[in-house]
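I have placed the structure first, in the form of structure tokens, so that the comments after it can refer back to it.
Every chain is named by a letter (A, B and C) in the order it is written, and numbering of its residues begins at 1.
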Amino acid sequence: MNKTLLGYVPKESPIYEVHPFVKLFFLLVVSLFPLFVAAPEWNFGLLIFLLLLMFLCRIDMRTLRIYVPVAISMGSIILLSYTVLGGRHAEFQVVASVFGFPIYWERLRDALVVYFRILPMIATMVFFLSTSRERDVIVAMRSIKMPFVVTYVFAMALRSAGMVLEDFHIVRQAEQARGFDTTGKSLAYKIRKYVMYMIPLFALSLRRAEEFTNALVARGYSFTGKAARIKRADYILSHYSYKLHDYILILLIAFAFGLLLYLSLGLGFFDLNKSAFIRWLHQVLS
Amino acid sequence: MEPIIEITNYSWKYPETEKPALDMVNLQINKGEFIGIIGPNGAGKTTLALSMNGLIPGQYHGIKQGEVKVLGREVEEYSKGELQMHVGMVFSDPEAQFTAMTVEDELVFGLENLGLTRAEIKERLDWVVQLTDLQRLLNKPPYEISGGQKQRVALAAVLAMMPEVMVLDEPTSMLDPLSRKRIYEVLRQLRETQRHTIIMIEHSLENLIPLTDRMILLSDGKVVMNDETRKFFQAPDLLDKGVYPSEVIQYFHALKGQGLYESEIPITLDEAVEVQENLLALLKVSNNMRGTSS
Amino acid sequence: MNAATPFIKVLNLSYAYPDGTLALSDINLEIYDGEFVALIGQNGSGKTTLSKCLNGLLKPTRGDVLVEGLNSKTTPIVQMVNRVGYVFQNPDHQLFNNNCWDEIAYGPRNILLPEEEVAVRVREAAAVVGLAEEYFESHPFFLSKGLRQRVAIASILALRPKVIIVDEPTTGQDSKQSYEIMDFLTLLNKERGHTIIIITHDMPIVARYARRVIAMADGKILADGITAEIFKQLSILEKASLEPPQITRFAQRLHQHGFDPGTLTVEQAVDQFRQICQKFIHDG
């Protein structure tokens, strides 16, 4: 796996044959799917599908481990805020009682629906970040004709983030070299002390910002004025061409979205009252 | 022939400082020359460099007096972004100069700013990549290449724009000796084509001296010495003026000072070795002669 | 000057990055009291990694680093830093307090010294680096680069480490500044008894100031010995992609005429020339 600023990407993968725009298109469209699907089992199925896709693209599944605690804590927060902290509603059905807090069926159901909507949306994002180098993201943005300033600022943000990360590493070591030791200390202590890292990072960034701007201007870049309105050749895009499989994939994704819309809005296929899982769960809890 | 850069009675004072950074500087640089600018830190070398490509006064606040003319026009008369196409600048920090996310993007940035077509860009890219040997690094992001490689990219990125003048502000000061050599190798090739006017600020003189036509010493904002390279290093009071020449030059000055050597000071290692061998041969002969005559 | 037991002992040290690449392999090394060592090599040779292993900033993947008998793997960093100090190349990476006094006091406070002792140390360190009292209240961010560097060094000196490792002391400096900082390090070495290790690739500086040179390449030590001896071994220096200072190369090319291939400075070369001249007079 290669490490990028956005995550880990595989060294080789069939996904690299695909134009970055297709990947961006996939991200934008497929992350909308769960919005039209209420039944948790279908969203769960989408999640499994995405995980399978990741596996087929040779993403190292071990790197996904870092998202597990995120998924768990997020699920807990959603559950808690919907149920225990969800207030009292006399019209809802109580299925359990926790420390005197009534757990309503409707709330529990809604929490599950939301949770299983968010999971595949995050998975789509993770899929995108795990198959795109920084350059792919920038190429994808340029291919949808986003203004150059936007894409360049994004690229600069990535670059700056990278430099700040490198600085952070050195700053940490510099503090350790003067006896700063966080082993065995509380989290609160660590957070308080990490604030002090901000200062050298800030100072370094400030000093570097001047050189950074000079480097841009010295190569004829202008943020305003006539020079900013030059038609750019977008040379990078010349490396990427749309092949047959790109068009097919775009059509497939668009078609799937269209089909989804029809089934969802037209036929109500993914509604809650048609969900086998929800019906089963309701039975179990009642 | 009008000089390509003409600086007349130029002073620049940054805000909230007592002394001007540059004080009544008079300088003329001709087309195709390779100039070395040396001097202690704080002498105003970077300020002078920034003045030549319009970043001063374009990006900086301060008080300007006098004239800075590049290609016959005052620096302030150029429209935004125009002068930078004629005067390219390479800075000393390889990290801060690298603004894109791949090497190729970095090289192409300036060319896109010029409004070139893709075909023209490809041509220049191929040329500059071949000159600086960057072929294998084209797709790499900045965090996968070393400082020395980044600096080569910076040099290539500026060269690709084909400016008439190149200003290099201590481009090798943060590099290790091997990377430094590679930069100088590119500069040597450029010098041979004689197409560019090159102005280089440096501390370590051994590599710079063989390339330069002229040397300028800047100290406390003033031009203290400005001479053709060989003549420059003949001056006996270099150390007093704050110049630390390369060691063989110091050596021969020391010999001269002690009355052991009288001729011209050699300025490169090869010359120095030759001069020393000749000197020893001469001494041997004269001693033999003295021996036989006594 | 050398004690019988080395202050730092490195045994079969290997260090690998998290992704598996080996930065150091099988290093064996001893640093004694009072030495002035230069660690030379290209970027990526492992010299920075090695020096960070010497004070516990990096823990060995295999092998041991013993500082005054303490093993860096098991000793908390607080006990290591007052034995081996590390001055980073860019002072901006470590300055973060609101004023210089707190900045220099940071180290001593970290090792939990009483406040009166901290004050003593701060004043002492500031005096050694030549930082005037008027700067104690100043914010480090607004000081000049030279002053920031002095504050950074003082903040390490306040820990009173026996060994001081300085990362690239002369990079980015002009010649006069380089000599000043090296003279300062020499003062620390000769008059205050610190062991100095500099990481550098500035060969003329190494020639003039370092008594011992350790040359590294590809994570291994290529050569370790007296400066003049190391500079004679051209093939080793070539492997490390380094070359000796210009005056040394000059003397080496004139070796057959009587110049010492281990010549380190211009002064030495001039002396040798005089001697050769004398020899001519005597022989003639």
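As a convention for this text, a residue touches a chain if its C-beta (ideal position, glycine included) is under 8 Å from a C-beta of that chain, and two chains touch if they have at least 3 such contacts.
These numbers come from a predicted model, not from an experiment.
Asker: Any chance you could name the chains that touch chain B and chain C both?
Answerer: A
Asker: Quick check: more C-beta contact pairs at A-B or at A-C?
Answerer: A-B
Asker: How many angstrom between the C-alpha centroids of chain C and chain B?
Answerer: That gives a centre separation of 30 Å.
Asker: Please compute the C-alpha centroid of chain A, do the same for chain B, then give the distance between them in whole Å.
Answerer: Centres of chain A and chain B (C-alpha means) sit 47 Å apart.
Asker: Taking each chain's centre as the mean of its CA atoms, how far is chain A from chain C in angstrom?
Answerer: 46
Asker: List the residues on chain C that touch chain B in their complex, please.
Answerer: My answer: residues 42-44, 171-177, 201, 203-204, 241-243, 245-247, 249-250, 253-254, 257, 266-267, 269-270, 273-274, 276-277, 280-281, 283-284.
Asker: Okay, in this complex, where on chain B does chain C touch?
Answerer: 39-41, 92, 146-148, 170, 173-174, 176-179, 203, 206, 242, 244, 246-248, 250-251, 254-255, 258, 260, 269, 272-273, 276-277, 280, 283-284, 287-288, 290-291
Asker: Taking the complex as given, what residues does chain A use to touch chain B?
Answerer: 4-5, 133-135, 138, 155-156, 158-159, 162-163, 166, 208, 211-222, 224-227, 230-236, 238
Asker: Over in the complex, which chain C residues touch chain A? Could you list them?
Answerer: Those in contact with chain A are residues 19, 52, 55, 57, 76-78, 81-82, 85-86, 88, 90, 92-96, 106-107, 110-111, 141, 155-156, 159.
Asker: Help me check something: in the complex, which residues belonging to chain B touch chain A?
Answerer: 50, 53, 55, 58-59, 79-82, 84-85, 88-89, 91, 93, 95-102, 104-105, 108-118, 121-122, 125, 139, 141-143, 154, 157-158, 161
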